[in-house]
Amino acid sequence: MAGSVYGNIFKVSTWGESHGKGVGVVVDGCPAGLALCEEDIQVFLDRRKPGQSKYTTARNEADKVEILSGVFEGVTTGTPISMVVYNTSQRSGDYSEIASYYRPGHADYTFDMKYGFRDYRGGGRSSGRETIARVCAGAVAIKILKEMGIEINAYSKAIGGITIDKVDMSVINDNPFYMPDEKAAKEVAKYADEKLKEMNSMGGIIECVIKNVMPGIGQTVFDKLDANLAKAIMSIGAVKGFEIGAGFNVAHMTGKENNDEFTTSDNGDIIKKTNNAGGILGGMSDGSDIIFRAAIKPTPSIAMLQNTVNKSKEDIEISIKGRHDPMIVPRAVVVVETMAAIALVDMIFEGMTSKMENVIKFVKNL
Amino acid sequence: MAGSVYGNIFKVSTWGESHGKGVGVVVDGCPAGLALCEEDIQVFLDRRKPGQSKYTTARNEADKVEILSGVFEGVTTGTPISMVVYNTSQRSGDYSEIASYYRPGHADYTFDMKYGFRDYRGGGRSSGRETIARVCAGAVAIKILKEMGIEINAYSKAIGGITIDKVDMSVINDNPFYMPDEKAAKEVAKYADEKLKEMNSMGGIIECVIKNVMPGIGQTVFDKLDANLAKAIMSIGAVKGFEIGAGFNVAHMTGKENNDEFTTSDNGDIIKKTNNAGGILGGMSDGSDIIFRAAIKPTPSIAMLQNTVNKSKEDIEISIKGRHDPMIVPRAVVVVETMAAIALVDMIFEGMTSKMENVIKFVKNL
Amino acid sequence: MAGSVYGNIFKVSTWGESHGKGVGVVVDGCPAGLALCEEDIQVFLDRRKPGQSKYTTARNEADKVEILSGVFEGVTTGTPISMVVYNTSQRSGDYSEIASYYRPGHADYTFDMKYGFRDYRGGGRSSGRETIARVCAGAVAIKILKEMGIEINAYSKAIGGITIDKVDMSVINDNPFYMPDEKAAKEVAKYADEKLKEMNSMGGIIECVIKNVMPGIGQTVFDKLDANLAKAIMSIGAVKGFEIGAGFNVAHMTGKENNDEFTTSDNGDIIKKTNNAGGILGGMSDGSDIIFRAAIKPTPSIAMLQNTVNKSKEDIEISIKGRHDPMIVPRAVVVVETMAAIALVDMIFEGMTSKMENVIKFVKNL
Amino acid sequence: MAGSVYGNIFKVSTWGESHGKGVGVVVDGCPAGLALCEEDIQVFLDRRKPGQSKYTTARNEADKVEILSGVFEGVTTGTPISMVVYNTSQRSGDYSEIASYYRPGHADYTFDMKYGFRDYRGGGRSSGRETIARVCAGAVAIKILKEMGIEINAYSKAIGGITIDKVDMSVINDNPFYMPDEKAAKEVAKYADEKLKEMNSMGGIIECVIKNVMPGIGQTVFDKLDANLAKAIMSIGAVKGFEIGAGFNVAHMTGKENNDEFTTSDNGDIIKKTNNAGGILGGMSDGSDIIFRAAIKPTPSIAMLQNTVNKSKEDIEISIKGRHDPMIVPRAVVVVETMAAIALVDMIFEGMTSKMENVIKFVKNL
């Protein structure tokens, strides 16, 4: 199966390795008539770049996107949108040693098993740079959602075991962790300094809130909206868990505690009093905010000594030098937002054929 | 989109509502030459039936599967396998009242929003009975995996906040909760009796272990094995979270703690010393046991008084009578196993074209 | 790959062999709100049944469709529609001999090569009875198209080398060949009587006209409307060619002759003066009638002596006894209509997301 | 639906317009271990270039392919292969006039209807240059097939009504029409000179022969091998018909004439005495050569005066200036070969999971 293609109506095909000529994506199924330019994409890519604090590595990659097709006179034509970011600052020399062994926590071993060999430079296809392509495609999706009044915001909810106490989006760019809570960010900085000294790394949790999704989006059996969000998010490297609403807490709640009761708002809309469901019921959006979380593991590449085997199956000790992030969480925030957008757009497009009434409206307008 | 179709090579299409004539599934893409009969499927269906203890409802549905195509002289022909289970014991009378309101925690409201109306009898398409079709298809997948030496076992890890202390599969059928720990099962029984009195319900966690999956199965970007397992499991009604290996615990682990170091076993195979990854690295199986967990919310249908709105948007109080499970967990165990099997078979089939070497072998053997 | 599943948004999964318990289909992706009942489907099935003249075999199968799901109170719910037709009159005894050899023109040999063995009773999965499932699904599609004002009509254009001279749909049921030209039908009857005596069979051409398709339906590259129609029609057994508009005649036309010039109609619409394109330009409908033709080969099962090999690779002579049509064309007409409908509905649904304008309309109406 | 993505296991996503920055493709699902370099692709692209005779236009585009990912040390890695050809010689000035009207035989009108507007420069997404991307992807597919011993060869069978009398592949590059018959080529040259004077264009037929396909490839219902070939070929712009084996001739053949009888060859293989089926029975390859034909319409862009309407719906007269081919056939030959290759590889990959026996072999080899 071609595992780098996502989506049914809004289709995204990514390509590229960390040390190849570049990474890129083809977005097929974007409707015609959407204003789009490189700036719209670059804004999201810039949130992904390393070298923005001492807590993310100083690789300082100048990732600049170029749109090669699908846009004419500043507007999408409905044809495939091809975007590319050329690799400019990867130094092959940094990685030559790892060709001979399997790094713990990395895909080296599994890639070898699957294909018989691998591009050992950096992470190859499994490199974090692969997310560049996703972010480009997701930026288009986010623009589409914006036209619908839908907003997606993700942030670091916890890093290294330190959790935020509140969500204040206005301070989110004032700390290097993309945390909406300054106090928690300060504690994380302290903890991060310790781990940096140890040459160790740390994990965290990203929370994402999607506002203004109309009720009824998502399918009822296999293509439930939460199931598709789970796949989209878990497909991001380093994600080891996904939960929605009350998430794993539902395990020790009772039905009475967990059920979100319905009532009506002042202007007569049906709303829920609580939101343990996280905005999705029976696989379909229920009109509340959609709230989910992703568990991010610690960066596997650490300079601290580790034991592993080399390709001749001998036990060896390694210390991974070079430029590596001590935490993935802050950079992954924009990837979570963009992947959620890609999944959601596909599902909204699906929803357009749910009722004969809407199908007939479309036919008659032509 | 057709949301009741799952899979790329091994394709599963389900149909049926709780109060329609029956539920069923078409499995397309099952290879020819697999011994298959109703017995193989019935064994899994029987693990799903209610009425097996006082803690699951006494609906006593006699779900009997019938294979309508795709098998000849006891062996699959490679053509689609159609299976059906006719509904025999659903009483419409039990459900006529709920047509007028939206039950909290159910898909009533979202279904109405999506389609404009709904089959209000029981859960309609969102009924738990829809899982019958999945279990039938999954039973076929499990048989295929068995031929490969792959075993899937799931069990209740926690119910109502009470977690098992050990995994002893030999006692799993000796308690009504499908728990591999008798002591924990006794505590759950006590807690369940309390909730039954309250007319309340409880949630839990199911853990699943897949043994003997060869390394390298899964794709590296969007179709990661864990991403597909997440989608398959989260598509089961009542699941609100999915995690693999250390799961959400990775959030407060360091890289040194989380990385699974490689070494070699006595017979020279590459193995890992720990398994925080849960058997999947970079989206591909790494040869260790694949271990994941699903969070199951409490049954939304409770007799305890709840507040909600009716279709005229008036606030009302309801008490859901009728036959309902006070906990979903024990019955969902087989659904988790079978969904995992469906996802895994599709991914193994995908792996067959990963290397030119295997493709050429196939061509030459013909 | 699961080869019995067709479609992207409007998905059709068929199952069943000629001598299994039945044949059927699951239609997933039909919008909610379409009035549907068995009668709507039966009307199309009845046009497919053999035993309606001396020129089609007297098997007199009483194919009665049953809808098992997806319809509630006479209207589709948006959930999968499962339909089944049980096999009632297949006599295994008729076919027992052919297990030992490969019939020329049939899929016996190729089936063995693909799967290692086959269900030799009748045509198994390759039997003409497999088209029952397609017709059921297509009947739903035709109903959807009817709501849009779109009509599909197919007829026998030629049989045994005798071609119609005009198209008079009013006489189409007055002859056993589904020909819209009585004079041609009489000649075909004469020719058919000769072939019947010889124990031979004959082929023909079916033409299909689709009226009132709005312009712009179809994709521009791989999923061109004509490419998808071609696949849908060529997937019908016995079809060996597909052409649209002037078809193979374009090969000796000049650009001046072939181009359809544009002009405006009396009420100001853009129309074409001719229709060599057959209603499709650049893969998209252009507003004219869509006109295509399918070439149908002669029935391969003839009682006349043929040479072939048996499974031990010995040269043998055979005469295929039993109940077989001397011509496939009349019965294939409804299959061509219904397959065209299935392909077209999928493409119209696709068209709904072509413009941001239509996507926003959908979102705002919720 | 994303209409520029083709395939299920071997997936091809194309992008690019005639006057955008370039055209390209992402091939996902190519197995690892295939030797691949730009040369392998360029050889096929060069067969597509215009400016190679006075009968194809002198645009002299220097189309040079660049591989951006998926290849490492000269071998495919199993990850997506991105290829791009930058547009270097398109002159916008040539096309500015056509923005105001609809050219007969072109997709201008249908594109406007579908998307609301179009990139009017050249053919935009509907330009013949879009086939560059297909040829690149197809070149990879052809290389895979070569490893399997499968050969694909297409040629011009007829142009302007003049048909070849024999197939002598050795002379195919000695005439500008890619005809394997020198005598016919001379006649075509004469006829073409006439049409050039008239400022007219001509159509033709391309025939394609695929050798050494193992029997049993293709699915039995919707994904028949011939149905998929039909879709792949009909998706090429200008193709108005597809037929296989005896094609439309089956319409006036009898069963006795049409059936290919089986026998055994000298070395004991089962073969057929004739090949009216064109190598495909019941949707699966039967071991004989696969032979099909495509009908190519005349180039719609002619300088001869034509009537049409402009965007204000006024009747006008036009003469299309600029650089246009008087015939499409010779250039389309390589597109037919490469599209057939793409379809066939996907189907062969599908065949790998047809039998449990092959699946188990794969599992055990790991």
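Assorted remarks:
Note that the chains are named A, B, C and D in the order they appear, and that numbering of residues resets to 1 at the start of each chain.
Please note the rule applied: contacts are C-beta pairs under 8 Å (C-beta built on N, C-alpha and C of every residue); 3 or more make two chains touch, one makes a residue touch a chain.
Here the structure is a predicted model, which is why all the values come from computation and not from measurement.
Shared contacts of chain A and chain B, meaning chains that touch the two of them, come down to C, D.
Set side by side, the interfaces B-C and B-D show unequal numbers of C-beta pairs in contact, with more at B-C. Rounded to whole angstrom, the centroid-to-centroid distance between chain B and chain D, based on C-alpha atoms, equals 44 Å. Averaged Cα coordinates give chain B a centre that lies 38 Å from the centre of chain C. For chain D, the set of residues touching two or more other chains reads 1, 3-5, 8-10, 14, 29, 32-33, 78-79, 113-116, 125, 214-216, 220, 349-351, 354-355, 357, 366.
Within the complex formed with chain A, the chain D residues making contact are 1-5, 7-11, 13-17, 20-24, 26, 28-29, 32-33, 66, 68-70, 72, 75, 77-82, 84, 113-119, 124-125, 366.
Interface residues of chain B facing chain D in the complex, by the touch rule stated above, are 8-10, 29, 31-34, 76, 78-79, 144, 147-149, 214-216, 220, 348-363, 365-366.
Considering their complex, residues 1, 3-6, 8-9, 12, 14, 102, 104-107, 109-116, 125-126, 130, 158, 160-161, 195, 198, 200-205, 214-224, 226-228, 230-232, 234-235, 237, 240-264, 268, 270, 272-273, 276-278, 281-287, 295-302, 304, 306-309, 313, 315, 346-347, 350-351, 354-355, 357 of chain A touch chain B.
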